[in-house]
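You will see two complexes here that share chain A, one where it goes with chain B and one where it goes with chain C.
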Partner chain A sequence: MSHVDLCGLSKRYPDGNLAVDGIDLSIAAGEFVVLLGPSGCGKTTTLRMIAGLELPTGGSISIAGREVTALGPRERDVGFVFQFYALYPHFTVAQNIAFPLECVGTAASERDARVQHVAQRLGLLPLLRHRPRQLSGGDQQRVALARAMVRKPAVYLMDEPLGTLDGARRLEMCEFLREQQLAHGITTVYVTHDQEEAMRLADRVVVMAAGKILQAAAPLEVYDQPANRFVAHFVGSPGMNFIPGVMVGVDRFRPAGGAIEIFAQVRDVRECVLGIRPEFVRLSASGALPGRVVADEDLGASRALHVDTACGRVIARVGSGESGLRGASVRLDFDARGMRWFSASDGARLP
Partner chain B sequence: MGPRDRKLQFAFVGPALALLVLFNVFPLLFNIALSFTNAELVGSEREFVGGANYSRVFTDPRFADAIRRTASFVFLAVGIELCLGFSLALALRREFRGKAALLTTLLVPMMLSPAVIGLFWNLILNGNYGVLNQMLESVGLPTPQWLTSRDWKFTSIVLIDVWMWTPFMMLISLAGLSSIPGSLYEAAQIDRAGTWTIFRRITLPLCAPLLGLAVLLRATDALKQFDLIMATTGPNDTSTETLSTLLYQVVFRDGRLAIGSAYACLVLVLVIAVATAFTRYLEAMNRRPA
Partner chain C sequence: MKFLRWSVLIVYTLLATLPLLWMAVTSIKGREDTISQHARFIPTADASTDAQRHTFVPTTASFAALAEVHSGARHNFWSYLTNSVVIGALSTVASVLLGTLCAYGFSRFPVPGAKDWLFFVLSTRFMPPLAVVMPVLMMYRQLGLTGTQTGLVLLYTVFNLSLSIWLMKGFIDEIPRAYEEAAQIDGYSRWDAFIKIIVPKARTGMAVTAVFCLISAWNEYGFAMTLNSSGAITVPAYFAGLQGNIDGMPWPQVAAGGLLFVAPIVAFTILVRRHLLRGMTFGTIKQ
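Our next item is the complex of A and B:
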C-alpha cells in the first residue's frame, strides 16, 4: 500500500506546449483515483510522469514517501496498463504475464505458480498458450492487466485501458477492475475521457482541463457540486443545462430572453449563469417557462426531452413512460434543489 | 468471366509471358539440354553424351574447390555484413541532426556498380601505389599485396563485398527496428527489463524475420558472386575462383560449352536448395512458440 504525491508537477514539451501546468495531488494508499478530462487535457501525460515514462519539467513526484521524480520506470515499482495493450507479440500469453517476473529474476517454479494464480483470477487459464494476436481486444486487455498485476507493484497506472472495448465488455471489465482493486487495495491511478467509467470506478475523480486540475472529489460530489461550468458540463450525460441571465433585486434571477424570474441566493454579482441538471427540470402544467419539444431521446430508463424555450434549449429528463411528446407544447419548472450558480465571466461556481 | 475478359487477360499478361519464355524459360531448358551433349563454344557439331559431363564435373577437384570457396565467401561476407549492418542500425535508430544526410552517404556503396567499385578498390588496395599501403607505410606498418598475394586476395574481396553490402543490411535492420512499436519498449521498462534483456528478448526476436529475409537475399546474391572478382583479381585466378568465375572460365576461355552448362545446372540446383532451406527455416521460425 503506497501513497502517491504530486507536487507542482509540470510538463512542457520541447515544442513549447505546456501539457501539465503545475498540478498538486495527493493520492492516499489504496485509493482508486480517476483522471478525467477531454483529449489533450494532460491526464495521460500526468500518468506517464508518475510511471517515469516521461520526465517532468517542474515539480516532484513521490511514491510511498520516496522521491522518484528523476528515476526511470525500472526504479519505480509501478504496473502500467497501456491503452493499446502493448503485449509482446512474439510471446505466448503465459510468457507475457511471466516477463516482469523473469526480469527481476524470480525462480522458474515460483514464476509458473504466480502466472497460474493470476491467470486463474482473470479467467485466462485456457488462453495461456495462445499468442496475443489470436485474442480478442478484451482478452488482450486482461492479459495486459495480468502482466501488471503479477508483480504486485506499489501502484497501478492505467491509461484508458477499456477505451477500445465495446459497451458490454467495458461494463464487465469496469466491475472486474473495481472488484480486483477493492480486494487487493493497491493504489490505482486510472485515466479516461469517459465520465461514466470514471463515476463507476473512482473513489475520487480528478477532472482536468488544459493541464490543470479543475476539481478533485468523490464522484457524487463532482456530479452534484461541480466546481465550475466546465466540470458541470463534462460530467453527466446529457450534460447540465446552462441559462445565462442577470440578477434583479436582491434575490431574483431573470434569464436572458425569458419573461420569468427565479428565486436565487446569489450575492454581489449582476450577471450569472444558472446551471441545472436535466433531472431537476420538470414538466408541469403550472410551470413558468413555456416551450416546445424538438427532440425526444430514449435513454432506456428515462427519456431526455430537448425543449426550445425563450431562454434557449433546455433538456429535461423525464420518466420513460412520457413518450410521443415531440412537437408538443410543454411548460417547464426548475427544482430549486438542483440549481447551481456560476460566474458569467470565468465560469467558477458561485457560493 | 466472359470470353472478352479472357482475351483482355491474355492481352495484358501475354507480352510479359512471351518475354519470360524467350529470355528465361527457353535458355534454361536449352542449357539443360546442352549439358547432356558434347557441344563446344565454337563449331556446330554436337552429340548426345548422356551424363558424361556431370560425372566429369563431380570428379573435378576444381569444382569442389570452387564450391568450398564460394561457401566460405557467402558465410563470411554475409555474416560480417549482418553483424555490422545490424550494429550500425542500432547506433543510428535514434533521431539526430544530419541523420538523413548520413544515411544517404552510407547508402552510396550499394548504389554503385560492382565494376566501378572494383576499380575504386584497385586504386585503394594496389600494392605499390595504393592509398592504403601509402598510409600503412607512413606509420611504419607492413604493406601486403592486397589483391595479388595468395594470402590476402580472398580476404580483400570479402572486405570489399562487406563494404558494398553492409548498408543494405543496415537499411533492412533499420526497417525492422522501426517496425517495433515504442510502447513495447515502454512496457519492457515498466516490467523492469534491463537493456540487455530488452535487446535479447524483444528487439532481436522481433527483428529476426526481416533479418532472415535480408540474409536470404544477400546469400543467394553472394552465391553468384562474379562481377567484383572480375573487376579486382580477374577470372584467371584460382585462389579467388568462385562457382561463377569457374563457369566463365570453362565456357569462355576453354570453350567447353556443354561442361559449362552442366556446371550452371548444378549451381542453379544449389541456389534453389539453399533458398528453399532458408525460407522453410524462416517460416518455421515465424510459427514456432517463442
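Our next item is the complex of A and C:
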C-alpha cells in the first residue's frame, strides 16, 4: 500500500502546449482515484507522468514517500493498463502475464505459480495457451489486468482500460475491478472520460479541464456539490440546467427573460446563474414557469423532457410513464433542495 | 468474365517469363545453336544438319564451363558470384540494421529538426547515383577501396540507407508505442524493449526492406563496373566485361550464369513472400 503525491506537476510539450498546469494531488494508500475530464484535459498526461512514460517539465512526483520524478518507468514499481491493452501479439496469454516477472528474473517455478494464481482469479485459466488476437476485447482486457496484477506493484495506473468494451461488458468489468481493488487495497489511479465509470469506481473523483484540477471529491459530492459550472455540466447525464439571471432584492432571483422570481440565498452578487439538475425540475399544474416540450428522450428508467421556456431550454427528468408529451404545453417547478448558485463571471459555485 | 481474367493473366505471365524462358533454353544449347541465323528453341534428341531447323540437341556443357576461366576474364564464374553474394548480403544486412535503428530513433524520440533530417535523407536519392561516379572513384582510389568488396559494401549500404530509413520509419510508426511502454513498465530497458518487442513486430518491414536493398545491390552495374574493374568484380560487371574478347561472347555460359544469378533473388523473395504481401500494403492495415 503506497500513497502517491503530486506536487506542482506540470507538463509543457515541445510544441508549447501546456497539457498539465501545476497540479497538486495527494492520493492516500489504498485509495481508488479516478481522473475524469474531456479529451485533452491533461488526465492521461498526468497518469503517464506518474508512470514515468513522460517526464514532467515542472513539479515532483513521489510514490510511497520516495521521490521518483526523474526515474524511468521500471524503477517506479507501477502496473499500467493501457487503453488498447498492449498485449504482446507474439506471446501466448500465459507468456504475456508472466512477462513482468520474467523481466525482473523471478524463478520459473514461482513465476508459473503466480501466473496460475492470477489467471484463476481473473477466470483466464482456459485461455492461457491462446494468443491475444484469438480473444474478445473483454478477455484481452482481463489479460492486460492480469499482467499488471501479477507483480503486485505499489500503484495501479489505468488509462481508459474499459474504453473499447461494450456497455454490458463494461459494467461487469467495473464491478470486477472495484472488487479486486477493494480486496487487495492497492492504490489505483484510473483515467476515464466516462462519468458513469468514474462514479461507480472511485473513492475520489478528480475532475480536470485544461490541465487543471477543478474538483477532487467523493463521487456523490462532485455530483451534488459541484465546485463550478464546468463540473456541474460535465458530471451527470443529462448535465445540469443553467439559468442566468439577476438578484432583485435580498433573496429574490429573477431569471433573464423570465417573468418569475425564485427564492435565493445568495449574498453580495447581482448577476448569478441558477444551476439545477433535471431530477429537481418537476412538471406541476401550479408550476411558475410555462413552456413547451420540444423533445422527449427515453432514458429507460426515466425520461428527459427538453422544455423551451422564457428562461431558455430546461431539461426535466420525469418518470418513464410520462410519455407522449412532445409538443405539449407544461408548467415547471424547481425543487429548492436541488438549486445550486454559480458566479456569472467565472462560473465558481457561490456559497 | 472468368475467361477474360485468365486470358489476361496467361498472356501477361508469358510476356513476363518469356525472357527467362529464353535464357533457360539458351543455357542448354551449344554455342553454334545460340548464334545460328534461325532461332533454335525446340530441344530434340536426334541431331539434324538442316541449316533451317528450329531444333537443337540440349547439353549441360555450359554449366560445366562456368567453372572454367573464360578468355577475357581472370577467374571463373563462381568466384564472381561469390563476390556478388558477399557484397549483396553484407550491404543488405548493414542497410537494414542501420535503417531500422535510425528509423526507430526518428519514430520514437523528439529529434530536433526531424523533418528536415528526413528530407535530407530522402534528397540523397534525388540525384542519379551515376552522377557522382567520378568523385567516388577518386575518393576510393585515395582510400585504396577500388577493387575491394569493402568498397562496394560501403557504397551500396549508403545508397540503400535512405530507402531503408524511410521504409522502416513507416513500419515502426505503425507499431503502437504502448507495446514498448508496457515492456518498460514491466521492467525492460529501452534497448531490451527495442530488441524483444519492436524488432519482432518490425520483421515484416525488415523483410520488405531487405528485398529492396538486396535487389538494388545485386543488380547494380554502373559503380561495380567503374570502381571494381580490377578486383572483387561482381557478376553483372563480369558478363559485361566478356564483350569483345577474342573468343566472342560465350552465350550459353552467360545464360547459364544469368539463371544462377537470378536464382538467389527469386529464392529470397519466395522466402519472405508471406511478409511481402502484408508489407507491400503497409499503412493500410488497421492494428
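Here, the second predicted complex is superposed on the first by the 351 of 351 C-alpha atoms of A that agree within 3 Å, B and C clash if a C-alpha of one lies under 4 Å from a C-alpha of the other, contacts with A are read in each partner's own complex, and residues count from 1 in each chain.
Heads up, the rule we're going with is that a contact is a pair of C-beta atoms (placed from the backbone, for glycine too) under 8 Å apart; a residue touches a chain by one contact, two chains touch by 3 or more.
Quantities reported herein were computed from a predicted structural model and do not represent experimental measurements.
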Joint occupancy of chain A by chain B and chain C, clash or fit: clash
Which superposed partner A:Gln95 touches (first chain B, second chain C, both, neither): first
Partner chain in contact with A:Arg147 - chain B first, chain C second, else both or neither: both
Which of chain B and chain C A:Phe176 touches, first, second, both or neither: neither
Partner chain in contact with A:Pro14 - chain B first, chain C second, else both or neither: second
Intersection of chain A interface sets (partners chain B, chain C): 51-53, 72-74, 78-80, 82, 84, 86, 88-90, 99-100, 103-104, 147, 151
Touching residues (chain side chain B, partner chain A) in the complex: 181, 183-184, 186-194, 197, 201-202, 205-206, 289-290
Touching residues (chain side chain A, partner chain B) in the complex: 51-53, 72-74, 78-80, 82, 84, 86-92, 95, 99-100, 102-104, 129, 147-148, 151
Touching residues (chain side chain A, partner chain C) in the complex: 14, 51-53, 72-74, 76, 78-80, 82-84, 86, 88-90, 99-100, 103-104, 147, 151
Contacting residues of chain C [partner chain A, same complex]: 110, 176, 178-179, 181-189, 192, 197, 200-201, 287
